[in-house]
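Structure in structure tokens, see below.
Chain naming follows the written order as A, B, C and D, and within any one chain the residues start at number 1.
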Amino acid sequence: MLDKIQKDREKRQSAWEAVINYFRKRSLYMLHYCTGCGAIELPPIMTSRWDMERFGIAPMATPRQADILLVTGYASQKTIKRLIYTYEQMPNPKWVLGFGSCTINGGIYWDSYNVINKLDRYIPIDLFISGCMPRPQSILSAMKKLQEMIGKGEAKGYERYKQNYEWYKKNQRKLLERETPFLDGGEK
Amino acid sequence: MITFGTIVILGILISLIIWLFFRENKVISWILFILYTGFSFVLLLRLYGQWQYYEAFKSIIYLGNIKIKFTLQNNMLGWIFAILIFGISFFNGLFSLGFSKSKYSKNIVPLWTLILSASILILFAKDFILFFVGWEYLTWPVFFIVNQGKKKFYSDSMYYFALNVLGGMALMLGIWLVFKNTQTLDIKTSISILLSHKASIHTFWLLIPFFIAFLVKSAAYPFHVWAPRAHSSAPADFSPFISGIMIKFGIFGILLFIYPLLSKGFIPGTYHGVPTTAYFLSWLGIITSIVATVLAFSENNMKRLMAYSSVANVGYILTAIFLTTPLGIEGGIFHTINHMIFKVIIFITLAAVYFRTGTADMSKLGGIAYKMPITFMTFLIGIIAAAGIFPMNGFTSKWIIFQAILEKHFYLMAVAMFFASTGAFLYLYRALHSIFLGQIKPEHRDSVKEVPFLMQIPMWIGMILIISIGVFPGLVLKPLIPFFNSIGLPAKYILTSLSKLPGSFGQLNTLNAAIIFGFAAVLVTILFFVVAKHHKKPFMDNYTAGEDPKDWGVDENRYQFAYGFYQPFEKKFLPFFKRSVDMFWQYFGFYTKHLGEWFNNIFKDDNNFGYIAIIGIVIIFIFGGFVL
Amino acid sequence: MIFLILLKAFLITLWVVFIGLLFLGIGRKITARIQKRYGPPFYQQFIDVIKLLAKESIWHHWIMILGAIMALGGLIATALHVPIAGILPYDSNGPIFLVLYLSAIGYLGMAMGVSASGNPNAPLGIGRALTLMLGYEIPFAAVLIIFMGLTKSSYFLQIAQSQAGGILHWNFIRYPLAFIGAEIAVQAMMAEKPFDQMIAPAEIASGPLVEWPGKFLGLGMIQMGVSVFIETAIITNLFLGPSHNILDFTLKQFGIYFIALCINAVMPRFKIENAAIYLWTIPLGLGLLQMLITFVL
Amino acid sequence: MKIKEMLENIKKEFPYIGTEIQEEKQARIYVCNDKFLNILTYLRNEKFEHLANIFAIDWIDEKEFEINYNLWSYEYLVSIIVKVRIPRDKAKIPTALNIWDHAQIYEREVHEFFGIEFIGNPDLSPLFLHNWKDLPPMRKDFDTEAFSRKAFDVGEREGEK
């Protein structure tokens, strides 16, 4: 009996979630963290050529109000720190879009001493956009895809971050708070 | 029972006792003070309705052939002032009793009781002699309190002293002129005599000394410079008294002597049914409020800022009173009473902040509200009232003042008053933010806590009073109906119920409006707490454009917006305002001092020129007298 | 009796919030079309508000919550005192001074709430907003006082009814200077361009709203809608004649908002002090000129 | 004044330097470690007031660092690069702080990326890199690929073997 009530409640909650998710996917406030060259692709998406506002996506100035964190391009060791700080300031639910090859595997900077290769080791990324640079169309299609995922309740990056918080913190700490050199050869 | 005599004599006696025996013991002093004010309050309360009551004292002083008789006559206006003064002082005393633990406290009880007994003389005096005695008797103790016997307050308190001595001298001159013209010192009689031969050429000049005396006391425009300085140098728990009560004596004087003369056409000439002189003085009130408002924008000392706010409110009151219409008087008196209440409350909260932090510089404060919530709520309600926003008492009286201005169709005046009224919002928000909100300073994080309950009592009472008068203006206006009847307030302006505000251009049911406001607030509160959850974050976890403040050594001190709050505004307007009056009084003081030094030097020098010159002047005067 | 008043108030509140948010949504669409974009659907603002209300929020101190409640509560109470085609929850007739000073409590609540967040950008934005407020209140007061003087009443309802008898009796035709002055003042009141210094996303990170997440922002959006409603309703009552029904009234309101939007879409932004000075010269000058023409000549 | 004359003048003053004209408005001066401050002082007095930047080159095969001072004259509109070579092992060089105040930040940068010590510069704390513990990254003997693999957990790439 109790089980049944519990199950019913879960079902109801999920129905409630589904309704809310509809509103969430139709209204996304975006904080663009313009680290690299990718920022130049944003104006065409926002202005009259592609106009992302028709999908309910609007730019916002502060992380407190944002739903999406758009990381446009590579993140260096120094920027990743700001990125994590910003991401943690955003209230739930929140999603991260990795933009361009650099966020996937470092792109052309893959063997550089300061460019992060895999961004999703440090913050949970819901969707990557491949390309160097990705064209505005692909960004828009990624947005649509993200909306679809949110609508279905699949985009759960923020919950992944909560569940695997220790793992993410460990990776972040390894990079940012290291005490020994990575390579032999040691101190300068 | 001899009420007034008792209060005056008791005040002097208590002052002496404290000065002789309890100078070091602040607690006993303040308890005596509370007992005295409470006792006097009860005594005065019993006099409501007995408007024929008077106390006469025989004296042996002769002035010419007239034997002076001192009479204290109960009157409605004086009674309402007195009851407020003793009530406010009572609660202020409770606050000060708590405040006396602080190292910033001084034992000002002996002087304060003297001031209170002097106020009785002013408020109930039937003749000018007693009025003048009370007036001077009020001025001097305040000077000693403001000065605090410290050198660093010398120049600030000098502004108070010089201007108020000027006012006192002007008052004496005025009384002499009145006596010369009417051969009587009784206030009421002299007014009627003056009115009976108003065509005389002296009429206007006769009033000028009185204008100066009363405008100085009420810190109106050209004389406003003393107010911010006196407030900032006075002990924190005495500032409420200056703003709440002291400056109202000027308004009382105007109501007592100038208003009856002007409204009966003592000075010929009218403009739209208002005596021309009064019309210009109305504009003086507007100028006072605008100047004080603009000066308050750039003020960093919280007590000075609120002092400017008081000056601005005095401007509204003067405007209303000098309309010389019954509705204007109603608005003026109502605003005087409301201002007494909310400004005392505001200054008490500032004193509470001072009590805990020991600074009056707003840039050194911030975030106090998180540690002193009651004080903050009191201050908030106080400034809402001061800004004249609806559910508080400031709105009700401002409504009547606006109605009074519109009744006379002075539309430009109403627009100008809107400027001052909106400007109040700016500096009050600045005070709210800089003192109470924003980031809390590291040095205040642990040391600051809420004031003890004893000191909260006046705050609670004040909050209740402010809100209840705001919702039920009849609480104040209804008891005053006999007075309004005596000045001829038309029946349509007299309250029919507790919550119906009268007005020339329409009425307002404050209770209904308050219900609607409460309804909306409840609705929003329900909405807020029904929807998604919220959780708390520390203050430094804040939007910093992605930077961790700790990395840059940025602490709460530097993450607070405190300097140059209205800088764009100041840049454009302040040079114009700063130059005008402050500079004038500074130069005035400078040259007066030089003149004094020059005379001083005459006697200091070894040569006998000075003596010869003085003797010469005396001889010239004597012979001149013979010749003329 | 009191329940009837409250029921009426509740229904009017729903209407005000609905129309306010609808206007904001249509406004976004129109702005998009002026900029040759497709634009969001007209009901976008409702979606935004519901999403924000469902979003988790952070707060720093309960004063923030108090401020948010005061802000929206004050503005809703204001809206309930502005006659909507003559409809009011009780027979207040729309007292003008009450509306002016009650809306101030909304702004004070907002200012207090954002200050309590501890972010210096917020008071910076509020400081700008208040400087602007000092600018637009004066010409607006001048215009209001003209009509108060003409009708000898301080009620919106009487001013609206005094224009009965066809479009030629409407105040915006009879007193065009006052209308232009009030329009400019209302543009500033809505913080539309060229008077949007307080928001300035690129300068001070959307100013007062910098630390307002989730439902705070949701309430803020409702508040924005309500304030648009109040401002357009005031202008409609003052200038656009008596309205026969609520639809008529709303269409007139929309007309006012449409003008503001069109100006907003094509304008740059004033500097802070220049905005105040502009408001004290052109609109105030127009208002005073109208006053002179009406009462003296 | 032509650039050739200018260099001849300098050479007259300091016979031990090497000069080379790059272009019409660009020249190089080669100088050994212990004398270069004199040249810099002289050049500054001869209207080369602007120190555009300081940069280093790692000649790993010759076991030398080359420090370059990029100077510009507003008077003659001529750029001169002063090149100083120092041994690579425990590289040290006197600071140019006494000649140009703003050399401080350039030297700090060079120190951070090459590990060259500027004797007399009071503040050589890290400027750009976040919490750097390895060899200075711009040195040729620093293996950036290995570092990247290790620090950023790249592992083996697909199709690399």
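Basically, a contact is a pair of C-beta atoms (placed from the backbone, for glycine too) under 8 Å apart; a residue touches a chain by one contact, two chains touch by 3 or more.
From a predicted model like this one, the values you see are computed outputs, not experimental measurements.
Simply put, of A-C and B-C, more C-beta pairs touch at B-C. Put simply, the chain nearest the middle, going by average C-alpha positions, is C. Between chain B and chain C, the centres computed from C-alpha atoms are 35 Å apart. Each chain gets one centre point, the mean of its Cα atoms, and the points for chain A and chain B are 59 Å apart. Each chain gets one centre point, the mean of its Cα atoms, and the points for chain B and chain D are 71 Å apart. Counting partners per residue, chain D has no residue that reaches two or more other chains. Within chain C, residues 54-58, 205, 210-211, 214 each touch two or more of the remaining chains.
Annotation for chain B: residues touching 2 or more other chains are 543.
Applying the touch definition to all chain combinations yields A-B, A-C, A-D, B-C. Chain A meets chain D in the complex at residues 77-78, 81, 105-106, 110-118, 121, 171, 175-183, 185-188. Across the complex, chain A is touched by residues 115, 128-131, 133-137, 141-154, 157 of chain D.
Chain A contributes residues 20, 23-24, 26-27, 47-48, 51, 53-56, 59-62, 64-65, 67, 91-93 to its touches with chain C in the complex.
Contact residues of chain B toward chain A in the complex are 541, 543, 546-548. Every residue of chain B that touches chain C in the complex is listed here, in rising order: 367, 369-370, 376, 380, 384, 387-391, 395, 398-399, 402-403, 406, 409, 411-412, 414-415, 418-419, 422-423, 425-426, 429-430, 432-433, 437-439, 503, 505-506, 508-509, 512-513, 515-517, 519-525, 527-528, 531-540, 542-543, 545, 559-561, 565-566, 568-569, 571-572.
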